[in-house]
Amino acid sequence: MKSEAQLIFEVSQAGRRAYSQAPKPVAAEQLGKLPSALRRATKPLLPEVSELQVVRHYTNLSNKNFAIDKQFYPLGSCTMKYNPRGANRAAMLPGFLKRHPLAPASHSQGYLACLFDLQEFLKEVTGMKGVSLTPMAGAQGEFAGVAMIRAYHEARNDHERTEILVPEAAHGTNPATAVMCGYKVREVPVNADGDVDLEALKAACGPQTAGLMMTNPSTCGVFERQIEAIAKAVHQAGGLLYYDGANLNAILGKVRPGDMGFDVIHMNLHKTFATPHGGGGPGSGPVGVSERLKPFMPTPIVAKEGDNYRWLTDADLPQTIGQLSTFMGNAGVLLRAYYYAISLGREGMLRVGEYSSLAANYLLHRLQEVGYTAAYPQRRASHEFILTLAKEAKNFDVSAMDVAKRLLDYNMHAPTTYFPLLVPECLLIEPTETETKETLDEFVDAMAKILAEAKENPELVKGAPYSQPVRRLDDVRAARELNLVWRPAS
Amino acid sequence: MSNIPTELRYAKSHEWIRLEDDGTAYVGISEHAQDAMGDLVYVELPEVGDVFAASDETGVVESVKAASDIYAPVSGEIVAINEALADNPELVNQDCYGDGWLYRIKVTDKFELDELLSADEYSAEIDEEDED
Amino acid sequence: MPYIPHTPDDVQSMLSAIGVASIEDLFDEIPAHLKVAALDKLPDGLSEMEVTARMAARAKQDEGAVCFIGAGAYEHHIPAAVWEIATRGEYYTAYTPYQAEASQGTLQTIYEYQSMIAHLTAMDVSNASVYDGASGLAEAVLMALRANRKSKSYRVLMPTAVHPLYRRAAHDIVSNQGVSIEEVTFCQQRGITAVEALDAYAGEDYAALVIAQPNFFGSLEDVDALTDWAHSNNMLVIAVVNPTSLALLKPPGEWGEKGADIVVGEGQPLGVPLSSGGPYFGFMCCKQQHVRQMPGRIIGRTVDLDGKTGFALTLQAREQHIRRSKATSNICTNQGLAVTAATIYMSLLGADGLESVAGHCHANTNLLADKLCAIAGVKRRFSAVTFHEVVIELPKDASEVLAALAAKNILGGYSLAAGYGMSNAMLVCATEVRTVEEIEQYAAALAEVLA
């Protein structure tokens, strides 16, 4: 399957289309009221293909993808666990699928019941007092969280809080979000053990501190051991604590962010709650809050009064930070997360953190055995851990990127590369709790082979992958000669 | 070893500056900087007539893996920009001290150049950075 | 344990390899008092059979009504092939295409999507989508502020004829950065934004003017005059459009002398079901010169080491994971799966099919309006021509009327009370899926309710 890529436009023929897919055109008179000055003069350039051509084209394209359904995906920080098929079927039941977002509450009780239950479930697993399901992605959840912190300080008439503290290892969305909320970012260093430098943090806290954004376990793949001291330092300075829930999978069922002192958290349902990644989205990023931030939660939220469910709006939450989407978030994703949550229930939730950490620690141990270098060898892995290939880069000129690409030839997706930025040549590896021990062992074997190749035949690794529909792509050309839209040859 | 011409002055943020006889100066980024960035795909330059103070952000150099700000090494007014970079940003990689110049600035206060680093001082700076 | 495959032997084997006695030992770095004992308030886990039965019962509760609501989400026929293909595991469970060689399926699909949307809107470039139409409008406002170098004011002009929920979300998102959105009211009689009303702002510094076509009332704005006015006043034009309508209406790239600068809108009508409000996707396009200011992921075409065509994420240096605090936005995700569905939908329909759908929506809504306005006391509220939605004025409170209709399993429309204080008015919509019988039943039911 190595033939040159062909676009759907390139297999089009003038006059062809899937005739059963649209009603016959209306008579021209029926469009008579539309002023000609506002009418489209030329047809848009869309494909002209038969239904079979469409099905074949996109089915063949799909075959060019890696996917959890096919391969192991040890992407750190992404939590690529199995996406339950039952969740998909349940979310696409006609009653949910055909329901208009503005349908009255009288015709939405079933849907609202699912959302309410999910809100309550998430409160319990996170130890937070309020939950809003509306943010449409992790980054939007972060935005909501920081916006709530802002609203909180403004409600207290404290206008001196201009800074958000962010550990230097943080995911890029953290500082980007802080800026989107009108704050300046101050970075706090991380020490050689992977923990935030507590003394530097204390020095950075003051009356200008609006809050601190953190992940725990951190982006270094280790548990922030001084979390209580950190919380105390920030709270004493009058700031609030924001928890980036990207790594919630590591502690689900073991520790609750609410108990660690966080004031607001966001969750990534497309990570922790197994909703599908869909080639880049959609996600969902609900926020959980402590008591003092409840008045500011983004709307709408579901409330239960007796047996009746209804939406809470501005009238109920006059201090809300408002709405982040047209309607109420990624409903279909929420239903899938709800399915997952109640499938697992209490015992299931208690096991997620345990088994994801077991798999990660197992891999950490075995990969070191076969010769790789851990970034924090003296620490326990959380649900993920970091290897550094700085030595291999220096000795054999084989980089983390090269190893990642070569793994594709072993039919496994690469781990996360070059994140966090502060560990050179790093691979961030997260197996999740849904992979068998055999798969984990196969991964170790492949990694061992690649390490041997790096020593004996580095050029082989540097030229990888060889087995995919394309070899390595020219990124520089893609950015310099921007070709973002197909146009016919003139 | 990075090429660091001795007749130029350098900012810690990796810009170089060359004062001309007419009181204007050419500004670019050092070889160390262009090497760290990798192949440039785009250069965002200021506009002729823009006025900056030393250390102000004047533009961005963008590669596939990073986008770095370019800071004004001294205060002044932009009198010319290198238009060739619009279509050929790789000139910065190929000849960062010559054809890859970024802009020409009319220097407000020549003494600001004294506050910048000499070639030796800049060399020591980047050696320190590499050790981190 | 659902989805966890480890047998006791597996567990023992792994623990031995690690060198610990129990799983609990792996958590020895965590202070003991932080560890949760049990999650008592959670229910017991359920089997697939039980979960499905519960959700099926709840879904059934919400079934059965006929929908005449538009207001930003539209019920269209979605060909069976669309979601059969989109939910293939290779699309459904694929990750973001950071490793391009392993993701050519997703990447080429999104490149084709970008191409189709660019052609539909007649714009130079498109990104890989943002979350939805409303947040897209917020991003467009922020983008206009970056792109319009001549403007220093940090404010934009927003007609109140733009969807109230869009205006709300845009405000709630951008106000955190000190951006102010100033509203321009619509002509009460026509239901569109009069160019004369803009004269009050002529010569003032605003970064952009937002133009919705059709606007929230379904009415058609004079987009050429509005666009030219904005450009002559050094403002960028942000177009908010409905993709189905673009099969019939002049695309924003051709508005006025110079065309719109940034285009956003809700992509849901292109093959995404109503699904209770999401996930949808926001499309976003712009002129070539502004492409580096556009947020979100973008796919570009390039070649590999052997010279073969391939596709990859490009311009990533502007995004949060590289540029961090100076990124164009904090956005990470695009709505990959929804975009995949839209691409298949547009391929199946083509320009002719989409035009047909659009024509039927326009005709059906006109039919609906005629039938409803034949009832005494019911009339069209505004005089401007409409596309596939129209505001109907009733002789009594619209919310009451809608509740009475809902009791008959007809979701008649959307009240304009909350957004505009027009408590007797409702926005109705009849797409190509509504039959003549359903429209007649609605009219009969309304006559009953009003009698």
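All chains are identified by letter, namely A, B and C, in their written order; residue positions are counted from 1 within each chain.
Just so we're on the same page, a contact is a pair of C-beta atoms (placed from the backbone, for glycine too) under 8 Å apart; a residue touches a chain by one contact, two chains touch by 3 or more.
Here the structure is a predicted model, which means the values were calculated and not measured.
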{"item": "Which two chains share the largest set of C-beta contact pairs", "value": "A-C"}
{"item": "Chain occupying the most central position, where position means C-alpha average", "value": "A"}
{"item": "Whole-Å gap separating chain B and chain C, where each centre is the average of the chain's CA atoms", "value": "43"}
{"item": "Chain A and chain B: spacing of chain centres that average the CA atoms, whole Å", "value": "37"}
{"item": "Whole-Å gap separating chain A and chain C, where each centre is the average of the chain's CA atoms", "value": "20"}
{"item": "Interface hub residues of chain A, defined as touching at least two other chains", "value": "475, 478-479"}
{"item": "Two or more partner chains touched - positions in chain C", "value": "317, 322-323, 326"}
{"item": "Residues of chain B whose C-beta touches two or more other chains", "value": "41-42, 62-64"}
{"item": "Contact set on chain C toward chain B in their complex", "value": "149, 292, 316-318, 322-323, 326"}
{"item": "Chain C-facing residues of chain B, complex", "value": "41-42, 44, 47, 62-67, 69"}
{"item": "For the chain B and chain A complex, residues of the former touching the latter", "value": "38-39, 41-42, 62-64, 89-90"}
{"item": "Complex contacts: residues of chain A adjacent to chain B", "value": "475-476, 478-480"}
